[in-house]
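Shared between the two complexes below is chain A, which pairs with chain B and chain C, respectively.
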Partner chain A sequence: MSASTPILRFDGVSKNFADIVAVDNVSIDVAPGEFFALLGPSGCGKTTLMRIAAGFERPDRGRVLIGGVDVTELPPHRRPVNMMFQSYALFPHMSVFDNIAFGLKRDGVARTQIAERVAEMVRLAQLQGLEKRKPDQLSGGQRQRAALARALARRPKLLLLDEPLGALDRKLREETQFELMDIQKKLGTAFVVVTHDQDEAMSMADRIALMRAGRIEQIGAPPQIYERPTSRFAAEFIGEINLFEVRSASYANGRAHIETPEGAIEAACENVDRIGAPAIVAVRPERLRFAADDGGVNRLAAVVHDIAYRGDRRIFRVRLSSGKLARLSASAAEATPAPGAEIVVTFDPDACVLLDA
Partner chain B sequence: MPRRPLARGARAVLSAPYLWLAFFFIAPLALVAKISLSKSVVAQPPYAPTFDLYAGFGALIEAARTLSFDAYRGLVADPLYFESYLTSLGVAALSTAIAILVAYPLALAIVRSDRRWRGFLIGLAVAPFWTSFLIRVYAWIAILKEEGLLNHALMTLGLIREPLEIFATTMAVVIGIVYSYLPFVVLPIYNALEKQDVALREAAADLGAGPLRTFFSVTLPLSASGVVAGALLMFIPAVGEFVIPDLLGGSDTMMIGRVMWNDFFENRDWPAASAGAIVLLAILVVPIVWFERRQTRGGAV
Partner chain C sequence: MSAWRVPRLATLLVGFAFLYAPIVLLVVYSFNASRLATVWTGFSTHWYAALLADEQMRGSALISLEVAALSAAIATVLGALAALALERFGGFRTRSVFVAAIYAPLVMPEVILGLSLLLLFVAIGAPRGFWTIVAGHATFSMCFAAVVIRARLAGADRSLEEAAMDLGAGPVATFMRITLPLAMPAVISAYMLAFILSMDDLVIASFTSGPGATTLPMRIYSAVRLGVSPEINAISSLLLGAVGVALLIGAVAQARRTNAA
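Right, the complex of A and B next:
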């Protein structure tokens, strides 16, 4: 296995349940040591895809390769991959120690070595002093860490995590995000996380595969997906976004000149073929700002509708000339027009993303 | 939280099971215990003394003085009782063991079957209850006797030349008991298996355990409570079983139910039969207490 061999490769994988298409011709490469997120709404096939990697589901078509080896036909217990279950699936009749040691015993590791490795995992997951407890004597966060320790005990090169933070409350979730990232870096294990939570995916993952209806909608690093969504679905699923309907457009000098119901928009645009097709212009709220003077392009007249205070930021909803509400996110330091104030909002041409409607 | 005194209506409802217990368990048990301390006489009823509440307190004390443990001494002196206790415990234990070996795979197969079929299959397992117990045991006579269905089938197939002697043996009793009590063992095991999270088995597989190891390290230990419950549900009544050994067994299978029946109806020795029943109860309390303790311990840990 060379350094460039993906640790996990889905090669044209499809899976149907009865007449429902769960996964539709998906191909993904995950690099060794990468933190990869499968993101999407419920029912998009992300969990099925992960279960196919673990071996709990057999794909109808396509292959699964782990470390360059085709494992499509291998049962779960013969695959060099471990999984952390959404419900944790800790064995209720076993202590934390025995849970973590379970996979090691199966590997025929010597007893002293098992104890050592378990101790190491206990330290890693900060479960010191809880080794003799049964799962139902642990708190939610401790159970989550015990499940992680058990899944990592065999030192897999690839760990699958099914909604790893889903059962935790909000505050614990954020802390645990950083813990997961630390552990992932420390061990160099490739993590593939299934999540429906865009914030989780954005803050943890090196790369995200956004899924919709069994297909990959877009794969890329979080900033890439956030700033350069390739579809309306991607733009709307991750973060907030303002969409402007394209009525007509012309193209000159790397700029698209677009007529929208809200006014004329000039967009930096490499994708000329979109011009003419039904399209939308997407602009993130933080790229919108209040115009300070009379110059520049992309000036839309608006009235401040309301303001949501978010501590470090304020979210303004402004009513544009068409009656449509747009969102503008400004840092708390900026000047703040009051609700009802007549203002002009503006944004740079390169803040615009032209998408199919 | 301070405990609120219960409303009168609630207290009445809560006392219902205790009243039931008092009338249908404690009172009969007290009667049997009293008879076991009496003497056998040729009279109606066939034991003495009888407590006559109208004869006054003194007469009651006088009658109580004549109570004795003679019936129990007779029990100890009679090897037939000792042997039949052993036989009963042995037959019940063997039948229970066989029933578990049959019921476990059955319950497992039902749990692992398609969800749509499960209710139907469990229904099939319980279906024999729709027919009279007595008729089903009689049917086993027709199957097991020398010219019965089983021998006929085996000989027709050429598997045996001489008919098997099963009817009127201990084996027939064991077969009858296993058959009759099987649903009582299947249901609790099914229940325990059905509650198990599928993710636990997946987790075991994910950690490298093959199907066998997954079964013995996860599935089986997590269904142990169902196995124990089923075993007790079967073992306890099976020890005192009377009908099945009477119909299917021979003279060499002397179970305690049969011995007590003989003492009661043939010998009209009610005190001896009652003493036998009390001793049987004492023997059976042991596994019940063990199970109770196991349950509470399991709950605390």
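Right, the complex of A and C next:
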């Protein structure tokens, strides 16, 4: 397997359940050692896609390749891939040790080697001293780590994780995110994570495939997806965003001059074709700021509506001249206008993203 | 609330009395010293001793136990396979027919089942006796076993089996290591249920038995036609005890299943 061979390739994969299209002509390449996230709202087909990779569902059309080998017709137990289940699926009648050793025993690994490998996995997942416990004698976090250890015990080159943090409480979730990233880096295993949580995907993944209704909406690194969404869905699904409706627009010198109900906006724009079609301008809340002086473009008059204190930041909702509420996120250190204050908000032309409405 | 205490307690007692007084009476009279079954003259274990000496009774008891043990084993294996087919093989073409075929004997009159079995055994020229009773009992208790095991499989977490397959276990290994151990409490319950059904059965045994294969219920029934003797009370009490133990084992198995889950 050369370095350029993707560890996992979906090639035009489609899957229907009765009349419902679960996965619609999806093609994705995941590189060896990559941390890849399948992100989307529930019912978008991300879990089905993962189950197709693991072999639990057969695609109606298309092929699945693991390490360059076509595995579309192979049953789950013949595929060189392991999966961590959302419910963890730890065997309740077996100890932690036997759970982790299960896959190794199936592979016919020698007994002494099994003991070594399990010990290694126990260290990796910080389960020391719990080897003899049954799954129902473990805490939620320990169960999660035991499931991870079991899935990694056979040293797969590719690990599928179905909502790996979904069952953990908020604080534990953040800790575990970093643990997962550490383990992934240490082992160099490619991780494909299914999640509906955009924060989780953004903070862990090297690349994200955003899915919607069985299709790939956008694939890219987290900053790319956040800063340069290619669709209204992508812009709205990830993070907060302000949308301005385009009434008319003209184009000159790499700048689009746009009329919106809230006022004139000047946007940096590479794609001239966009202008004219029903379009919107999208700007992230942290790119909005209070205008300090009278200069510059993109000046929108507004009244502070309310303020949400978030510790490190404040989220202002400001009412624009059209009556629409916009969000502005500012560092808590900045001076803060009080609710009701008449202010002007501004943003740079290159903070704008032009999208189809 | 407290005003209702007495009536509620009374209702409960009447209910239990209705259900269990005849059985208690049977057990009490099995310790009666009198030869007359219905006149109490004093405590005695005489009839239990007489029972031990009764070759015919002992022979029948042995036959009943053997038939129950064997037919329950066959019924449990077949029932487990049927349950597995219904719960794990997806929506195969004749699935609904199969479901109906499994459930029909549960509501079919035993007389009809017994008669049809008799006709079958006569038609194929099977000599009636021990093995035909075993076959008859296995046939109808298999359905009960299938229902019990199917309920367990339906409630089981599929992802456990998927996890086993994902870790390299083929279908057989997955069944032996995951599905079967997790369904074991239900399998034990099913066996106990089939065992009790076989021990209790009079109708089907009467139709399918032949010379030399008289089960305990058949022996008791024919003896009672000559008049109730305390010996019958004694053997009935023992039968009751055996069924009770089987029920207990089944219940304990079920309780352990709940704890394990």
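One rule holds in what follows: the second predicted complex is superposed on the first by the 357 of 357 C-alpha atoms of A that agree within 3 Å, B and C clash if a C-alpha of one lies under 4 Å from a C-alpha of the other, contacts with A are read in each partner's own complex, and residues count from 1 in each chain.
The rule is short, and it goes like this: a contact is a pair of C-beta atoms (placed from the backbone, for glycine too) under 8 Å apart; a residue touches a chain by one contact, two chains touch by 3 or more.
Just so it is clear, the model here is predicted, and its values are computed rather than measured.
**Student:** Will chain C clash with chain B on chain A after the two structures are superposed, or do they fit?
**Tutor:** On the superposed model, which is not a single observed complex, chain B and chain C clash.
**Student:** By the touch definition at the top of the document, which applies to A:F56: first (chain B), second (chain C), both, or neither?
**Tutor:** both
**Student:** Check the residue A:D107 against both partner chains and state whether it touches chain B (first), chain C (second), both, or neither.
**Tutor:** both
**Student:** Between chain B and chain C, whom does A:K15 touch in the aligned arrangement: first, second, both, or neither?
**Tutor:** A:K15: touches no partner chain.
**Student:** When the two structures are overlaid on chain A, which partner does A:M83 contact: first (chain B), second (chain C), both, or neither?
**Tutor:** both
**Student:** Does chain B (first) or chain C (second) touch A:P92, or do both, or does neither?
**Tutor:** A:P92 contacts both chain B and chain C.
**Student:** Both chain B and chain C touch chain A; at which residues?
**Tutor:** 54-56, 75-77, 81-83, 85-87, 89-93, 102-103, 106-107, 150-151, 154
**Student:** For a test of understanding, state which residues of chain A touch chain B in their complex under the given definition.
**Tutor:** So the residues of chain A touching chain B come out as 54-56, 75-77, 81-83, 85-87, 89-93, 102-103, 106-107, 134, 150-151, 154.
**Student:** Spell out the part of chain B that touches chain A in their complex, as residue ranges.
**Tutor:** The contact residues of chain B facing chain A are 197, 199-200, 202-210, 213-214, 217-218, 221-222, 301.
**Student:** Touching residues of chain A toward chain C in the complex: what are they?
**Tutor:** By the definition above, chain A touches chain C via 54-56, 75-77, 81-83, 85-87, 89-93, 102-103, 106-107, 136, 150-151, 154.
**Student:** Quick one: in the complex, what on chain C touches chain A?
**Tutor:** 157, 159-160, 162-170, 173-174, 177-178, 181-182, 260-261
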